[in-house]
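There are two complexes below, and they share chain A, which is joined by chain B in the first and by chain C in the second.
Up next is the complex of A and B:
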């Protein structure tokens, strides 16, 4: 009996040591690490060429998910510009990354407009949209974010509130990092390089 | 208009557990009311109202669009926890629903579920541990500090399982704590907690809440950037949002201690008066904190 308990104890200790040994993350991340916290990438939308796409079309790439809209006055262009600058420091590795810009204003953001907009930031930028607002809301909800429309002014222009964060997924589509509006280019570049080089 | 109200009342993230527990409690209580009609210990208007407001407010913050707003606005999140941890449980406990609910609970539920679970030594040990007069206030403020730690708050708002654990822990701890302080004075399975000690416990949870609330309200640092990540429910300055949230943590939350202290004080005086004719005026002082 005593020996049994001793063996059990030894196994427990060994397991505990083993687990902590494995779970120790050798990588240092500059951005917020969300590994194991958020849902993997999954969607069914239309890209800026009018093609139906899902998460599987971006398997093998590091995917950066961002919810925005092309009429966005400040947050979206500055965020996308920071991503673009980070990618420009990565050389040929930049092609292993895709920035998925999901419009939360599909009424104004046609596929053509999305294409012109995302192309201006670089070849890795893809515009995604759906006219189905319920689907768009469900996709936002999956990442626990929301969007809302402001009142239109005299010219019919309106603001859209949306998430300011970039959700970063690895090559297998697992949620790994969040880049916030306050994270700078070197931090984003550092973590993207680390993620691309396979971890 | 009707549609807006209706969609507001629908669950944002449906939880069968919350529905079963809340609807079940309400039904048991109503059944108890019907069966206990005419009894001298049947609750009156105020106790019924307190129970109803407590239960409905907790349900509303867990299962209507208030839950959505709580996920996308810091100050509404603080309001949510004020209801789940303080106001809702306090009102439910103050309504002393145990007599009515015992009457209303179906025989099978009492005999085959509640009684065996309650008599289980693990339940008993756990209950005594959580209701220990030192552990209870530490747990009460500890949970507030834990979930308001910026890095922990960040992941709690992003992960649905963690978000649920957060809200459940607040609601359960709220019920346990207020049950200990303003619940039945002599409780099954617990030693009598003196009135003076109850006051001391209330004071012990008030000070940290004032500290945390004031810090959140007055700091110039943005502590909870996760609401920017999730997108706020409507446009509001992040610092304004944080300031209001801090004030809610600071003032109404700590005021609850004052309200509860008044209740304890009233019971203390009543018990002294009840004791006097019996000729044992010193009996109450035995439990006073000065000892």
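Up next is the complex of A and C:
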């Protein structure tokens, strides 16, 4: 018993001194782990500069994929704000991350609007779009989500239902984690730090 | 009908009418204003708007508490800074998120409600003027019984909650 306690104490002291191999389990994730469950990142879209892009343009970056729309005043900016706050705790590592905001409302979300919108959250945010609704649906379906349009009001405004999840891919484009609306900034920051360091 | 009504009587009738109009104008209108300002016993805190670029719809958030002794019903809001203000609730089910209209919200005495991200929000549509971070925007909350309360909202950046 005494020996056991002594061993535990030794390990604790070693860890506190920063001896390698006894840091907190590096594979412990705060977010939902989807490694091996979801499809890898793959798309062919247009970015907010009007350039054709694919998943290969974001290789080497941890990619955060979110399906939203700019006329969404509550859920979308709240999600992006949380991601922005998590990134702001990462210092220079934040540049190893890209947030890919894929609009499910390409009719209203022009490349220019997407650009000003994503810029207001930070330099790591990129707007992606396609006018091909079938392609957009297929891209949503790949991650088992969907979107739909509400009835326009007298002014032609309409609401869009969309996925609330953020799908997170590692530098190789492998699906790794899902962040949901209930996940707070420290949880997101914790897992992103682990991902950018190659875990 | 006798057309030869004595002048005195006719003047008297007119005077009655104008007296009534005067009474209505002098008493009723100011009374209505006093009633509006004094009757809603609510406390509103933390009122803020999250700014997005261009003329995108914005969300307004706040905490409200019924500090009175009777039920208060919030029925909507309006502001000179926006063409439309609506009450919405964001709802999530099966990983999908959408917004629902809210007609009215009842607050029992002592009860608080939080308009907060991913829940209740004021949907602020079509700005009538440019807004910038730090701006103070008055929004009038409207309650059952034609009662109102003006609240000043602070405009905050896109990356804030």
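Everything below uses one rule, namely that the second predicted complex is superposed on the first by the 173 of 199 C-alpha atoms of A that agree within 3 Å, B and C clash if a C-alpha of one lies under 4 Å from a C-alpha of the other, contacts with A are read in each partner's own complex, and residues count from 1 in each chain.
Simple rule for what comes next: contacts are C-beta pairs under 8 Å (C-beta built on N, C-alpha and C of every residue); 3 or more make two chains touch, one makes a residue touch a chain.
Being a predicted model, the structure only gives us computed values, none of them experimental.
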Chain B or chain C, by number of chain A residues touched: C
Touching partner for A:38 - first (chain B), second (chain C), both, neither: first
First, second, both or neither for A:122, with chain B first and chain C second: second
Touched partner set for A:97, first chain B, second chain C, both or neither: neither
Chain B versus chain C as contact partner of A:145, first or second or both or neither: both
First (chain B), second (chain C), both or neither touched by A:164: both
Partner chain(s) touched by A:181 [first = chain B, second = chain C, both, neither]: both
Set of chain A residues, in rising order, touched by both chain B and chain C: 145-146, 150, 159, 161-165, 180-181
In the complex with chain B, residue positions of chain A that touch it: 32, 34, 37-38, 67, 140, 144-148, 150, 159, 161-165, 178, 180-182
Residues of chain B touching chain A in the complex: 68, 71-72, 154-155, 157-160, 162, 225, 228-235
In the complex, chain C residues that touch chain A: 50-54, 56-59, 84, 88, 90, 92, 95-99, 117-118, 121, 123-126, 157-161
Chain C partner contacts - residues on chain A that touch it in the complex: 70-75, 77-78, 80-82, 84-85, 88, 113, 116-117, 119-122, 145-146, 150, 155, 157, 159-165, 180-181
